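The first chain written gets the first letter, and so on, giving A, B, C and D; residue counts start at 1 in each chain.
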Amino acid sequence: MNIEIEKLRKQLPEWVKSSVPHSSAGKVASYIPELAKASHDALGITLLNTKGEFASAGNFEMCFTMQSISKVYTLILALMDNGEDKVFSKVGMEPTGDNFNSMLKLELVRPGIPFNPFINAGAIMVSSLIHGSSQQEKSERILQFFKELANNNNLKHDEDVFHSELESGHLNRSIAYFLKGNGVLDGDVEEVLQIYFCHCSILVNCADLARMALVLACDGTDPLTGKELIPHRVVQIAKTFMTTCGMYNASGEFAIQVGLPAKSGVSGGILALVPGRYGIGVIGPSLNDKGNSQAGIELLEKISQEMKWSIF
Amino acid sequence: MNIEIEKLRKQLPEWVKSSVPHSSAGKVASYIPELAKASHDALGITLLNTKGEFASAGNFEMCFTMQSISKVYTLILALMDNGEDKVFSKVGMEPTGDNFNSMLKLELVRPGIPFNPFINAGAIMVSSLIHGSSQQEKSERILQFFKELANNNNLKHDEDVFHSELESGHLNRSIAYFLKGNGVLDGDVEEVLQIYFCHCSILVNCADLARMALVLACDGTDPLTGKELIPHRVVQIAKTFMTTCGMYNASGEFAIQVGLPAKSGVSGGILALVPGRYGIGVIGPSLNDKGNSQAGIELLEKISQEMKWSIF
Amino acid sequence: MNIEIEKLRKQLPEWVKSSVPHSSAGKVASYIPELAKASHDALGITLLNTKGEFASAGNFEMCFTMQSISKVYTLILALMDNGEDKVFSKVGMEPTGDNFNSMLKLELVRPGIPFNPFINAGAIMVSSLIHGSSQQEKSERILQFFKELANNNNLKHDEDVFHSELESGHLNRSIAYFLKGNGVLDGDVEEVLQIYFCHCSILVNCADLARMALVLACDGTDPLTGKELIPHRVVQIAKTFMTTCGMYNASGEFAIQVGLPAKSGVSGGILALVPGRYGIGVIGPSLNDKGNSQAGIELLEKISQEMKWSIF
Amino acid sequence: MNIEIEKLRKQLPEWVKSSVPHSSAGKVASYIPELAKASHDALGITLLNTKGEFASAGNFEMCFTMQSISKVYTLILALMDNGEDKVFSKVGMEPTGDNFNSMLKLELVRPGIPFNPFINAGAIMVSSLIHGSSQQEKSERILQFFKELANNNNLKHDEDVFHSELESGHLNRSIAYFLKGNGVLDGDVEEVLQIYFCHCSILVNCADLARMALVLACDGTDPLTGKELIPHRVVQIAKTFMTTCGMYNASGEFAIQVGLPAKSGVSGGILALVPGRYGIGVIGPSLNDKGNSQAGIELLEKISQEMKWSIF
């Protein structure tokens, strides 16, 4: 393992360098001013193995909001809070091939039941299932859970991003009311949206993502503390969704070209893992037309192919 | 004309009687408790000619909320307030073949622009275009306009229906936020929905509808007062939409079988007209699967075929 | 009437001249070489009144294939051969808002039943309902019927167009097999397609279209011969479809802006009528993005508005 | 390994017995008479490890046609014949969430390019890419390849099934002409369909499937002969598609509940594999509403969970 981490440390700078130019084909998200500020050409990565050894390169110290990456862990918390049966009575298990904010399938198939927990409709549904006596408590429980997983007590929300999303998030509001109108979503829509936008706005860097991913790579136990944070079966479910639906409607291509469980976010972050071996955090704000980090995917493809890491 | 109204007065009771049984195949709307109270087998009709002569039969004195029928006249008011160009930059002119609350076409074609002003998405858009300095003033202008058209100063909102719709109207809320999220709808969504639900909740009876329809039958001038209430071109636009999109996704069939400009509502009301000759109001709360009055359509089909009134 | 035809004869050249430039925004159909040959800037029109008086202007003597315009008369023949009930068990009555060759609704709603007889799926279905003991006899019956309607014994097929369409018409073939696979279309697909492409390839000029339209304008009787060629009810059905679905997914806009029953074809032809008064034939090969003659629509809009001919 | 195969041999009969009753909830395919003959309650399985040791139970000796299972290996052959770039210019990599014979996405997204090689549209496209100078030679090459993979020189087509499919396969014919009409499919449609229906009609039993699967489990090399039959990268692509799209629009659920690369067919067969360890063949003709073997999936779920075989 030592040898592998050394190889990674040596090669990473070059791989990052050759991936950066791919950023130029993409665009930084600009639907809220906070995201638009991110550097177009930034690219950073951190890999963390089960002994706690790091390999990092590029702008790996950059901070960014988790956005859709948080959906992996709210799904996990919802499964721990409610059990599989309850969760899957409210959200499906299938990839869709549609855009992340598409409502097409909601209307056409089994009306109102989101196809999977990683499209926006599904993630909003999942947010509504988190236990807690108030919106504040639910959001606090999520943040606390993320702190444990990242082993970082300093995680916090980006209040500006949160408020901007809340104000401008009309398409997500539309989705939530559609779910409400079809009797799938219980509770107050605005409260659910606050929970949703709240966990999307949690600030992390590549090391945080790598640590959070490492817990999944080790089936729920943090290998560096020995603590079991997530039941094995729940991790299995999460990793399966990351493989089939983790990269929006480019998940199939990512599975073919990279072959690692992963989840991307609109801030340009990607969380990925090599089962039993590595947690990985990537940031590259320039997005391709499917909403994934253009340079980040390029970088992961290079690493996975060089290291022969595809799970397939 | 005298002869025709006499024939109608004589035949109507029998035609109503033979149409009532068709109610049994339908269902009274029940998404809010106020609508659910309506009598399943009620059926009433009033026809009014240009001399002010009435022919009525059945439960024609029953009161009911206008619901989607109001969309004809808010479209007219929006056209009078804004002109054709402005209105048709925000809403299309095409029938859809989809359900009245479908969002399918919103997503697939020219995103966010409702296909026509009579589907819910289009009517909500139209409500947002009514002039006025506040929601109250806009709603008041609409009511005032309807009073003039019905020549009835006692028209008022059903407050219970209004509040029930406002509370439970999550699918319409979803549509409105979708329009907002796509940059088509300006202004505050809840305010627009209040205007929309407000005009849907205006209480009328068959005579009110017949009088309002008669104004359209006479190209915008009330033949009984001689007042020009609507410009001719605006009436032409309204009658065209009534013909191509007035009966939800059964408009094509209605055009073939009845052949009169008409508009239906979920309370079971139908407003129809015979150009130059009659305004018609119908009420029959039991709805078919497309959302139109089951017995009401049957009755109009019988009358139109017997009287040879199809405009085609 | 004399005065009107004189006014038309006087004004038409100017109206044609001012409409021609609109051709530049469109494109001549080029999916088969025969259509691509048509002159991009050609525009011609013939109007024919019930006394047999003509008004013509521009390239009105040009010959072209009827294409989708023929669908009006094959529907009529199918209704005369089979009755309403049989025909409408195989094809619907609703406008769709989708492209003419879209299969979307076929799959989503009441699978396999085309939404109306003027989209390709519906017209292919209708072609399969024409009576006759063989494909040749069916095609011959159609041609004979068209000859009577146009009062022109010289009507014939354009064999080159027919064979080109047959060879390249894979999307229509796809539609036909879809109908066959869903148990809606009986008989041999290739035979049905031959009938379909055969009537689409009938050659006409503006005068032929005007005469065929005049029969519909006069409720089925040719006013110049006094012969009843089509039952009144069948004409009524045809005129209704022309109004709600005659111009593909721009039918709603055409109804608002022109307000006449009409049917367009991909060769750039338009057949229209003024009830009780005029049959109209137009040719203008440059098509807009909905597949209708760009300059032809412009011209009809001008005439209808100047003459106040909208039926609404 | 010895111990595991012994455990399997001991437990399998009981697992089969407890899975059989699930057949009652499903239906045997009946669109052609040959498939309808299959026994509704049949259920059989064969597992084969890398030492050539078998564990079998139930009706494992039953013969059936491969149907969609063949799509895995024609994709492989097409990739070996043409390379990744060529194949993926004609077919996508994404799961769809739609029915196997849906044309929805073909029309809506990147028209004419099938979403993945396992839906019918994609598999027909792939069939057209197999090299050979004639339809007969292409079909012969496919059969020869399958014989090598199954190590069974007696594999042959079921001529009755082939001819029935060819005669009744109008929806597949519709799909093929749609691809042709959009310029994606080259060559003669009927010839391509013959190749497609031909490989779907290859007769196998559970042992054949297990052997063919074992080659994939061992990254392309038959562990019992030592022959490299498929390049490693091509196997990787095939296994990825099996995981994301192998069970029609229930692939996501299968990944969560079973977690093995697999492919099902309408005859009730399922091919699955445990990477590096087992090839598996299952037959159970009664299908659930997604088109997968009802009892077969139940059985695989039981085995995978008991043996902890999920790859996630």
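Note that a contact is a pair of C-beta atoms (placed from the backbone, for glycine too) under 8 Å apart; a residue touches a chain by one contact, two chains touch by 3 or more.
Every value quoted in this text rests on a predicted model; they were computed, and no experiment measured them.
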Smallest count of steps, each to a touching chain, taking chain A to chain C:
2
Touching both chain A and chain B, which chains are there?
none
Can you spot which of B-C, A-D or C-D is a repeat of the A-B interface, where more than half the contact pairs line up?
C-D
Here the gap between chain B and chain C, centre to centre from mean Cα coordinates and rounded to Å, is 32
Could you tell me the distance, in whole angstrom, between the mean C-alpha positions of chain C and chain D?
48
How big is the gap, in whole Å, between where the Cα atoms of chain B centre and where those of chain D centre?
55
Residues touching two or more other chains, restricted to chain C: which are they?
108
Please name which positions on chain B make contact with chain C in the complex.
92-98, 105, 109, 115-116, 236-237, 239-241, 243-245, 249-253, 255-256, 259, 261, 310-312
Quick check: in the complex, which residue numbers of chain B touch chain A?
102-104, 107-108, 169-171, 173-178, 180-182, 189
